[in-house]
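Across the two complexes that follow, chain A remains constant while its partner is chain B and subsequently chain C.
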Partner chain A sequence: MPLKLLTALSVRNLFRHRRRTIMLLLAITVAVAGVVVTNGLIRGMQFDMREAAVANLTGHLKVLAPGYLDDPNIEKSFELAPGWQPDLPAEEMEGWAARIRIPAVIMSERETRGVQFVGVDPAREDISFLGDVAITGEGLTDGNDRRVLIGVELARQLETDVGRRLVLITQGLDGRNREAGFRIAGLYDAEGTALEKQFVFTGVGALQNMVEAPVVTEVSIKLADELYEQEVKQQLTGFFSAQDVMDWQELEPQAAAMFVYVDSAILIWFFVIMGALIFGLVNTLITAVMERIREFGMLRAVGMKSGAVIVQVVLESTIIMLVGVFVGVLVGWVLATQWLGDGIDLSQWAQGVEMAGMRSVLTPYVLVGDIVLVTVLSLVFGVLAALYPAWRAVKIKPLEALRR
Partner chain B sequence: MSDPVVRCRSISRTYQDDSVPVRALVNVDFDVDRGEFVSLAGPSGSGKSTLLNVIGGLDRPDEGTVEVDGVSLNELSESALSDLRLRKMGFVFQAYNLIPVLSALENVEFIMQLQGIPAQERHERARAMLDELGLSGMSDRRPGEMSGGQQQRVAVARAVVTHPVLLLADEPSANLDSRTTEELLKLLQRLNEDHGVTIVTATHDPLVMSYAKRQVRLRDGEIIEDSARQAA
Partner chain C sequence: MSPCMSPGRATFCLLICLLPAAVSADLPGTGTDGSDRAPVTAEDLVAGALDLVRGRTSYTELTMIIHRPDWERTSALVSWTRGREDALIRFTAPARDAGNATLKQGDKMWTYTPKLNRTIRLPYSLMSQSWAGSDFSYNDLSRTDDLLRHYDLTITGEREEDGHRIYTIEAIPHDEAPVVWGKEEWVLRDDYVLISQNFFDQSMELLKRLETLEIGELGGRVMPLRMRMSKLDEPENYTEVVYDSAEFDIDIEDRTFTVFSLQSGGR
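Let's look at the complex of A and B:
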């Protein structure tokens, strides 16, 4: 098959009706650029949700006492050997933290609330949202700090402030209540009020003293890359044979399900946009074919095979798709990374954004894999769109075509 | 001793025109010897174009057999027919049917490209053919930039540059004025006499008939007059 000749013919035919070709190119460019930008935004949302899930005191992996998830209390705890730390290569792990996290009742002079009381070593909490929050007053100094750090929203509800005292009641290992007074070191301002209402932090040593047990309820590990997740999980399972080792997908199933769903959503969105475009492309190609039906008749009369005619029409569609996709990807990439590079401020929809587990600034994230997928699928669509017009071109007999 | 390039035996062809059967060819026997210049003449609907199309493998007879250069067309698949047209036949159409996006030179090279002839050779042959037909200054022009006569000459160049066994021309002068028609006919005559190209043309132009060595007249799908038979 004379591919060089057919390619040259296809390219020249595209220049035959410049205005039509330009309009088609514009349509492809806008569609592909739109897909690239929206894919970038959806990916940004997806990664935001994962980051938020991992940063929400979860980490990529967590070691928990069996049954803790169903009934989180101090009885579902375990001891760590003094000086223990994960035996993992530095390039695989971003950080780790051992915590006590138990339900408690917090009381101010005016209000009472139920909270999660979390004992932390603040030096290790750069792996969680606690490492990023803005603090009014002071942060915790170390694991033995006896003061508490509470959220701005909780402070508003309890009608209290930095420097005031609060009472926390929780259960000790022996099943009896423990009650202690804590001074507020500072107020933290998290991305969402849900976190601010839920978590009250103190030093892990201080909380161990309160419950009178040198235990922790969780060891959280943040990995340098999610790629290491299953490998590290296996290692931890071997070490903590009596505990449960769970990944973030098990701990935050809703976020994990959303994460998987987004992959499908990206494909669905692509098919919707490109599907609409393909109708236009098919229509334009049919018009182009019918306008040249005599020419196709002549080509077949002088001996061009049906297959070559099909290839010529498919090449025309593929070439225009190739150019449109290239320009569209370029425009989309520039829009996503330059124009929207600083992100879109969603703070005016803060509540909805918080519910979706996202940050208030949505930054597009353009993946090379998505670009490759869009390019390959668009070209496949270009070929498929040409098949019907090509079939129309060869279906008609040369003699009939020549008589038109 | 005769050397038939075309051999038609008892061919019939009936069309459906608005559900009314139209007998375009009725039991026609027709041979064309190598090197002949034959005109098929007759009024509209006489069957001359149908006969030409059947010989060219663009149409199939309902009955009878057709052979071109010893190959029976009846048993050939569409693909094999395409191949036969590509290798053995040249076509000149009433509406020229040049490819508008190609230059005159590229149009002439086109069928050689389909045949897989190397670039250098087809370039040289196309240029020589255009020179021979007096189109040397036109090689870079596209069909839209040429007159009807020039376009038809390019179409003839395209048809004969591959040295076909048979050149089929359907109303080649229909869109040309008499002066241009005469030029075209002289060209066909020269190709027939100097290069031995076998030509069959369907026409109702008396001027075209006058240039052909053999005139065949059809009416209502039957051959009513053949100058070759009369001479015999």
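Let's look at the complex of A and C:
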């Protein structure tokens, strides 16, 4: 029997029960649109966390002295040849920065806090969160600027302000204390107070002068695409044979684990919603088959093959699924990119959100790959759901059916 | 945090170099008549106070009173000092604190707790913590003669009182100095007895004060006998140090200022 005829039969059958078909279409649309929107939100959260992890002075790759992670201090440092830069093609690398990052004690007249004292070249820091924070006062001018940039929250705790002097104490290479006064150039307002409390920035040259050593503790590299990560890592390992080269997954294992977990979470979520939908679909299809027992009996009696019966029922299910998924994806995409396009403001729960390593605005991120996955899997589900009703239709005996 | 962050070096003379007293008339700028001497500069006054104790030794017995709104604790201590670099301070009372000791060698410090039988070399992160629960920090104990190095000194006031000239010295820290204060103000007598020392924040608001409550003679010197460190916004929180006895320029063995001596409890 030609496929064209079977398709025409299926379509006609669907149109015969308009209300039932519309209800089914609505159910599929809502489920698929829901999956698309939630996937978008979960993806948004996932990329947000990776972005934050990479921007948190980590970069995709980092060169560190062995043992720095266990005991971060100035002794775990290395020298960079003057004028050194990573030997990478421009299209693979977004930027790089060499820094000193050591623990220090910061003091104002009234308070004392422990912080990470970071020497940076401000021109290179567009690869980290420092590149896009709002600054009250002035930013650092260059790598030899010996003023400090501190977080708004830290300034509040220290009861100090722009232009005041703070004392920073840290350890030099010889193990003896180094202390010096630093004027506050400006206050930075980062996403969340955790960063603001943790990092105090100054010029890398100024910090090298303070510890009296021309060293850095880390070289951080942000790639144009994560695709290059392992390749570049190998290359750097060859170059920095005495140091450790680590990727962000090793440096931020929690964020990396969350990142992987989200991939499976998306699938689990999809199966839950689709599972609920499938039972409705099976139920409706069985009803549709049962009320057409006489028809099927007649068709079998005039010579329709059992294979053709199966194809016809499956086609019905596939057509309705196809239309439903198309509309659902469209609705979901519009909802995710237009309605929620500006993001959901989570600042009310800022502290909890911050703990999860996210920003305070959650923007959905719709991946084409996810939509293809949803579409293909939905169609597969549609076919699978039709198999049992089709088998019921095949089982109809023409003689019994016609005698009814 | 603790109310005793005092990165200013100004209290250096209190415990480690607790001898801001001069008796000999041959020191520059001393003498009470004030008629036939050269004009006094702020540097002379401060350097004089510092030189006075340089290279000398002392043994003192003190009482420390830590006062808080709800309680007060009195402890007894003994201390040995040599120059401004070496010092050993040991608690002798109350019983539960007895034996706790702090050793300073140059800019390194150790503490010893007999109950734990542990000696700890103080890391820099602990240096701003309160020492023995008082209003002094380890920094206050360890800081030495940076006043001449990190501050610009000027005499801003002079007056006569009880036959002494009293100088008010303003000390403004250099721009990159490791000093959090906006300025310090010293009130010194012409015989180098510290009358008071005031710490101002960077908006020039008075924040805390070390003042001499009693001056007298001890160990053959005229010196402050009772001093009090207090914060202006918490007047009920203060620490007082009272000198009960003192000996100067005595012989102290080298081994007094060693970690072994810190642990062994002897001198």
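Here is the rule we use: the second predicted complex is superposed on the first by the 402 of 404 C-alpha atoms of A that agree within 3 Å, B and C clash if a C-alpha of one lies under 4 Å from a C-alpha of the other, contacts with A are read in each partner's own complex, and residues count from 1 in each chain.
By definition in this document, a contact is a pair of C-beta atoms (placed from the backbone, for glycine too) under 8 Å apart; a residue touches a chain by one contact, two chains touch by 3 or more.
Everything numeric here is computed off the predicted structure, so don't read it as measured data.
A.B. asks: Looking at A:Pro103 after the superposition, I want to know if it touches chain B, chain C, both of them or none. Which is it: first, second, both, neither?
C.D. replies: The answer is second: A:Pro103 touches chain C but not chain B.
A.B. asks: With both complexes superposed on chain A, which partner does A:Ser220 reach: first (chain B), second (chain C), both or neither?
C.D. replies: Once the two structures are laid over each other on A, A:Ser220 reaches no partner at all.
A.B. asks: Which partner chains sit in contact with A:Ile169 here, chain B, chain C, both or neither? Use first/second/both/neither.
C.D. replies: The answer is second: A:Ile169 touches chain C but not chain B.
A.B. asks: Quick one: is A:Thr375 in contact with chain B, with chain C, with both, or with neither? Answer first, second, both or neither.
C.D. replies: So A:Thr375 meets neither chain B nor chain C here.
A.B. asks: Based on the superposed arrangement, let me know which partner A:Gly181 touches: chain B (first), chain C (second), both, or neither?
C.D. replies: second
A.B. asks: So in the superposed three-chain picture, is A:Gln198 touching just chain B, just chain C, both, or none of them (first/second/both/neither)?
C.D. replies: Neither: A:Gln198 stays clear of chain B and chain C.
A.B. asks: Contacts for A:Thr112 in the overlay, against chain B (first) and chain C (second): which applies, first, second, both or neither?
C.D. replies: In the superposed model, A:Thr112 contacts chain C only, not chain B.
A.B. asks: On the A-aligned overlay, A:Leu402 touches which partner chain: chain B = first, chain C = second, or both, or neither?
C.D. replies: First partner only.
A.B. asks: In their complex, what parts of chain B are in touch with chain A?
C.D. replies: 53, 56, 58-59, 78-79, 82-87, 89, 91, 93, 95, 97, 99-102, 110-111, 113-114, 116
A.B. asks: Residue numbers of chain C touching chain A in their complex, please.
C.D. replies: 1, 5, 7, 107, 124-125, 127-128, 173-182, 199, 201-202, 207
A.B. asks: Over in the complex, which chain A residues touch chain C? Could you list them?
C.D. replies: Of all residues in chain A, those touching chain C are 103, 105, 107-112, 114, 146, 160, 164-171, 176-177, 179-183.
A.B. asks: Could you please specify the touching residues of chain A with respect to chain B in the complex?
C.D. replies: 2, 5, 9, 12-13, 15-16, 294-295, 298-306, 308, 397-399, 402
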